[in-house]
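Common to both upcoming complexes is chain A, partnered first by chain B, then by chain C.
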Partner chain A sequence: MSSSRPESANSQTAPLVAIKDLSIGFTGKKGTTLAVLRNIDLQIYAGESVGLVGESGSGKSTLALAAMGYLKRGLRVLNGQACFREDDMFTQTRDQLEQVRGGHIALIPQNSGQSLTPTRRIGRQVAEALRLHSSLPAVQHSSRVVELLEQVRLPDPLTLVNRYPHELSGGQQQRVAIAMALAGEPSVLLLDEPTTGLDVTTQAHILELLSELARQSGMAMVYVSHDLGAIARVCDSVAVMYAGEIVLQGSARQILLDPIHPYARGLLASIPRLKDATLPRALDGRPPAPGETGNACAFAERCALAKPRCTSERPPLQSLASGEAVRCHFYAEAKNLALAGDKQRSARILADTGDATLELKEITISYAKPGLMDQVLGRKPSSTPTVDDINFRLLQGETLGLVGESGSGKSTILKSIAGLLSPLSGDIIWQNEDALPASVEKRSPQQLRRVQIIFQNPDESLNPRQTVAEILAQPLVLYFGLKGAALKARTVELLDRVRLAGHYMDRLPSQLSGGEKQRVAVARAFAAEPDLVLCDEVTSALDVSVQAAVLDLLDDLRRQSHTSYVFVSHDLAVVRALSDRVAVLYQGRLCEIGPAQSVYTHPSHPYTDVLLGAVLEPDPDTTPTLIADDVLELSPPDRGCAFQRRCPMSLGEQCNTQTPPWQHSENGHAIRCHLPLFNTSPLKH
Partner chain B sequence: MLRMLARRVLLGIVTVFLVSLIIFSGVEILPGDACTAYLEREAQGKLLENCRTELGLDRSASARYLDWASGAVRGDLGVSATGRKSIATLVGDRLKNTLLLAACALVVGIPLALFLGVVSALNRDRPADLIISTLTIFAMTIPEFVTATLLILVFSVWLGWVPGIVLTSAGAPVSEFFPEILLPIAVLAMVMTAHILRTVRSSVIETMASDYVQMAVLKGVPYWQMVFRHVLPNALLPTINVVALTVAWLLGGVVVIETVFNYPGLGRMMIDSISDRDLPVTQAIALIIATVYVAVNLLADLLTMLANPRLRTAQIRH
Partner chain C sequence: MTGAAVSMARHSTFTSVIRVAGDIVSRPSGAIGLFLVVVHLLLAIISPYIAPFDYRDLDPLKMLQQPGPVHWLGNDHLGRDVFSRTLLGGREALLVTGIATPVAVLWGGFTGIFLGLAGGRLDEILMRIVDAFLSLPWILKMLVLIVTFGTGVGVLIPTLAFFYGIPVIRIARAATHDVVARDFVEAARARGHGKLSIIWHELFPNVRDALLVEGAMRWSWMLLAFSSLSFLGFGVSPPTPDWGLMIADARGFMSFAPWGVLGPVIALSSLIIGINLTADALAKALGIDRAQKAPI
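So, the complex of A and B:
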């Protein structure tokens, strides 16, 4: 109840949340205690916005939940306290915890789609928070719910209250979660990766909403994320976590522009940037597992500055005069480490003799299945196709990036090239010869060998019961008939090409890290010696430092074997790092295609502008430009331009009824728009 | 929604029709026919001929199928080979008895299974859970006839509280089956409780680990409110189908239990008709059991659809 909140006299100076020397761990297989958080000290004051940054497994979410006195099953407090207004959350009674949770500290979870109870209506879930924590009389609850939904800018809140969670888009679900958190009028808001998994434009809108709410209400925010771009938008100060420790703490500018811990510098260097086409630099190695560190610096094994002292003495968290706190013996030397990748992407083999490896001609794909009657009568479904009128050529050794938000049809196009999804009409032409058969069953072994695909999630694309050697043997036996010693030699060679040691042959996928698994998937694709590799969001499931290594590997392999790539990603900076040409898709229609350099520096289609404007750079001095609304479109319009409903520059009638023409510039850059060519960008002034 | 309902019902009818075809052809394929089977060594000459005319076996298979099927639709299942009685009347009494047994077992078993399953899941790995889970394993693994015999030994022979076997005749009114029916009910309830309980337990545990339950806890929702509003509505969805399977199993006649307790239900009638080589009766019971299975599963799917907003709204939209 907000009226009964204790108001201490020194609320101006005392922290709201104080984590004191907190260690959390679990009992390992051998009965030893393994720590996932070690000696965390963190204070959060009213109105402050703190970022907790780290890669997966760094303990950042565990720390955020610990601030609410919540531990995942199996974890326990080893040492220290997590205090809210001087009360240790871990010694509170259940009743006291229920008061604080949602009422004083509220959580906005990572995946709102899964965090809203599927059997309860939106309105009731938000009202529940009011009922538990608000001092409002019950009769006002329903109007307050509508108010809250309006406040998070959800359209048509009066009908929304009667909807179930699954009827909302990801962005809308996230807004409902925010409204639910605001309902209890908390003084601290914990945000656990609140925008991960959302489209770039949605992400930018949600972050803008959150920072505005924080400004208005004076709530303290703890923002947990692996995404430094998001952190740069909303946080005043940042704590960097590594292997369960805070290794660096300071203002957002200090951390994001010139951090003094080697790990933080490595992390920054591994992030691909929108503004330059260099490959990000990978951090070698992997973080230690809980309990592996002992009395050494947790980062010592991967650190370029490591000295003998680093492996024998755990560095303390030292507070510096500059306001930073750092856990490193040699932080003074860290500034010598580079902050950005410097490796240029290997030059494309520019032999544009007109010989295309692959050409898509007027590909149209529909997910609408013809009904029984349609099949009997031989009718085609009349609905608007999911993907329509896709034409592009891919040269030998060229990388084409396909970008667009979820539902833009990028993966659908990849699947049809791979033969996993037959197009409704159109041809896939291979090396200027005949069209490839649409279905994978009808392709010859040679045709199959030449086109390989790498999927997003190696956990799902590698058979968990096969060893690495067995996984790699499949294409080798199938396409080249290798066996015995030759097979083994080739397997070792392939592993070497993806920078894995030969002894990985006998491992099962579960014994590999995420990055290693994806390398095995890459090796499997290259085992077929393909001419074309289709990459479907291949780095989205990986941490940034690992992503950088996979990007570097893909670039290397292309240089060595002149492979062409079609590279699908929602991450525009990743696409920039690897692509020669870029194609932008919206609702299954091409909007813009051209050389990467040209598209990124002179985006000309309004949608490309919107997309690039919304990208969050890990630099507090940049701000995303939000041009169009982030409305969800479930299906493309029947006629006219695909982007007509959201276009900030729409000409009205013409755009809504006529299919826009292709306009070409001399360097191969083309847009599909009614507006005069290359003169449409609202960003340019 | 209505279209969906009509579609599912239609599909159910088609399934029953196909099953009836299979049953009928199965009986056809057997060497001999109802009369040779029933008459055994005496199956010759006039006796056989009379029997065949009486049961209509002298007509073509398709005519007989049509006759049988259209009769079944109208509730006329033909005449038994033994005693030439109307099968519908014979089966009617047995079906009533089976329904009585099943209903009693369900009334006891389902609430017990839900309660114990939820208690067990909420106290996961604690003594209450360990005790319930261990008992469940016993109830599931010990064969029914062993449990039944043990119960008879304890409650009937030693303690003398209830009769050990059922002596009431098939056509007797419901009230006369008490207290003889109590032991069969107890055994059935034990077995079905164990099966349903395990599903409930694992489903509740899975739901408790979900993100939305964690969210409810972190929203400050008091424990029992969380259980009743956030956990159970979701956790109980998958148990609907398990309950349906159990119901179908109970209604299909629980042969072993009915035999042990001498209970005049559908299952025992099935066994008797097989040992009497009364093919018309066997055929009729097979059809009834198949229809019950289809109907109960259809009902379960519809219930799941009603209880799950995901399915419900998806259907409305189309």
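So, the complex of A and C:
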């Protein structure tokens, strides 16, 4: 890609993309027109990176696609234009649109790694993008493919062109998708959640690559994301969307450090951060459905500053001298709203009095099934186990956070504690007594009742055909044999504990919002009056503002009932918000374990260091430190340290051949590394 | 389950039945289909009271007589009134298939759900047996049983129910596989519910719709099978009026007295078409694409 592009010369004069008073909507069931985007004005100039931020349903993806002249089925333009270089995309013919799309405006969709065709080699897929969108003669395509792959910093492009997508890591697949988008040398790149679903370390690398591409080529970038941390890394300016409107627009610094719209402030306060001493604060309520707002401010119902005027008069988007634009009558007062929660985090260091709720002893788990030959010969499968040598104790009432990237075995360990997956070897000791039977079928009802699990996605974990009352009745009938009025009373009580009103009993899950569904799932787990609750990524399917509410709820329930939690998450800030102790996993092996305070402030294993360094905080003044490469690790190494292939501090031979020893400090902090404890890293930030 | 939960479940079932019925009627094809089915069911009940002639009345003078003002659809080769016999001719078929279809769907459905949940070697072995069964022509299997045990309603109902339950196993098993992988089933296992409880509370409500649509389709195929058996002489014995039997009897005179065939053919095909249209509308109302045969 050349840096001398014609349009970068007159970049500041005419915008590349100009959205003018655009409203998009659909016809509702009763024949009324319902708007999903309302009066959007947005200009994007060459070389500029714009972030569109908002929660699910805010219309951010619809807006980005509208810039390409694309509308999802059923939507239509109600008003306004979406222009690319003076041409309204919605009046273009099909041929004209095909010229622009892919060639001038390229889209990198969410999960684009998964949109690669699994049966075609990488080189051919990138070449196809060239054939469609590039003017290069066909003979030059194969050399250009290699150039593009180099440009997105993929290692060894010459061999990579012959690989299939499944042979690449998630981050590498995303890079291939970026290379394909670059094939037509676009002047505008639309990125729909470009790093959502990738591991933290990979996210940081991809964002760094993207911002460098933007700098080199003068491309305009539009980032659509719910993740303010990602936006903070790459965007010059940000537009915050709420219920189909832009409510706040300004430079990234203004919006991330001290936004002047109440919604943006609430959003920032709901994000858990590594350094905060408080729990994130939830935004109550939910955004209005299309057509629900009428002539009021869309945020009025949830706004702490709302006054009568807010419900009778829709605020206009006012441009301020500071360069910001805000859709709020009382923006001057917004600065009084706090940017962080006020509830202290309750992380404690519990004294080990000996009464552990749970103890894992040398747990080893393997997914490998013995092949036919192995079965005949009675051999065990020879591959290295997925999860190996896991030891930890969980004290009564304690929360242990399990963190690690995808494939680190976090959920696998949870499943084996719950009895859904039998370990290859090792014991699960319950309250210093005997080992729990490995599988659910062999556990007694009391043993089953004491361990409950909450799953990641409530859409999957709640039966769509059961009402809330029926869902909660399952454990109540099974464990306590409740009937009739007693059952109903207990159901109402449980709903109340998770802050839902009694009338929710008759609802089906499809009639609840995401956060409400997860609260029902929490209520179902607590219906059993458990001693231990296993939380498997319980907030990762939720919007940030809702996530904060669920975290707050879990924290309250723990205080009330002295339940122990094992809290699994890939999000280090979320784990920080709730955990007393933290265990870091890599490739199914424990790297580091210790009091949360100590692990987060003095990370001692190189991998913990890498993980913490890569966390994207919604703060333009922090930069992630990129240490280890994101490479695909299909299986852990046979010998030595699990992290040997990526470790920036590797000692070489010793790390590759000898399993590192555990090193303990006095405060219970331990790492498994050949380097001395608290002395591992010259890369400290 | 408790009183409160049951009454709530009943309430929501009742309202959803109303909603689904309304949805079916709101589609032209569904309205026509449901109308045809309802008319046939009504006629099957009231036909003995409204049939103008006794189905056994022989009249040699009216042999193969053309349709006229007295005998609207003419007379057959024994001089019996074709219209009356057509009115009455669906009763046996609807009775037999009306019992055999639910039985087939229930046993096939339960077996399929159970195998889908259990998996493993049992599932593997039984499904291969199912495959083997499905690879044989139905008429052959049917005739073997009928020749062994004889004809009559007492044999036909279990025979049809058995053979038509086998393909339902596949459908129910496939639909179950889609549900079993979901976390709410895992959650129920982790709580320690037994297999039967999981089938009843977690799986069945999610497979039910697919089974309903499958049942409607099975019904129309079973009607055709029943009529075919009668046509071949293995179903209803004369003089009981039955469409398949009537077509078989009148077939020889088709070139000069086609009315003998016309009545039962129209009756049979209108019922089958009605069932098919209703099944299609039901699938759409329930949000199931029949091409996929899987619950949403």
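Here are some notes:
Basically, the second predicted complex is superposed on the first by the 647 of 685 C-alpha atoms of A that agree within 3 Å, B and C clash if a C-alpha of one lies under 4 Å from a C-alpha of the other, contacts with A are read in each partner's own complex, and residues count from 1 in each chain.
The rule is simple: a residue touches a chain if its C-beta (ideal position, glycine included) is under 8 Å from a C-beta of that chain, and two chains touch if they have at least 3 such contacts.
Source: prediction; values computed, not measured.
Contacts of A:N457 after superposition: chain C is touched, whereas chain B is not reached. In the superposed pair of complexes, A:V440 makes contact with chain C only, with no contact to chain B.
When both complexes are overlaid on chain A, the residue A:Q466 reaches chain C alone and has no touch with chain B.
Applying the stated contact rule after C-alpha superposition, one finds that A:K483 touches chain C and leaves chain B untouched. In the superposition on chain A, A:P137 makes contact with neither chain B nor chain C.
Once the two complexes are overlaid on the shared chain, A:T117 sits against chain B while remaining clear of chain C.
In the superposition on chain A, A:G31 makes contact with neither chain B nor chain C.
Interface of chain B with chain A (complex): residues 209-223, 229-230, 233-234, 307-310, 313. Chain A contributes residues 418-420, 440, 443, 445, 448-449, 451-453, 455-457, 460-467, 469-470, 473-475, 477-479, 482-485, 487-488, 505-506, 508, 524, 528 to its touches with chain C in the complex. Residue ranges on chain A touching chain B, taken from their complex, read 65, 68, 70, 73, 94, 97-103, 106-107, 109, 111, 114-120, 128-129, 132-133, 164, 166-167, 177, 180, 184. Contact residues on chain C toward chain A in their complex (touch as defined above): 1-5, 8-9, 12, 182-184, 186-193, 197, 201-202, 205-206, 208.
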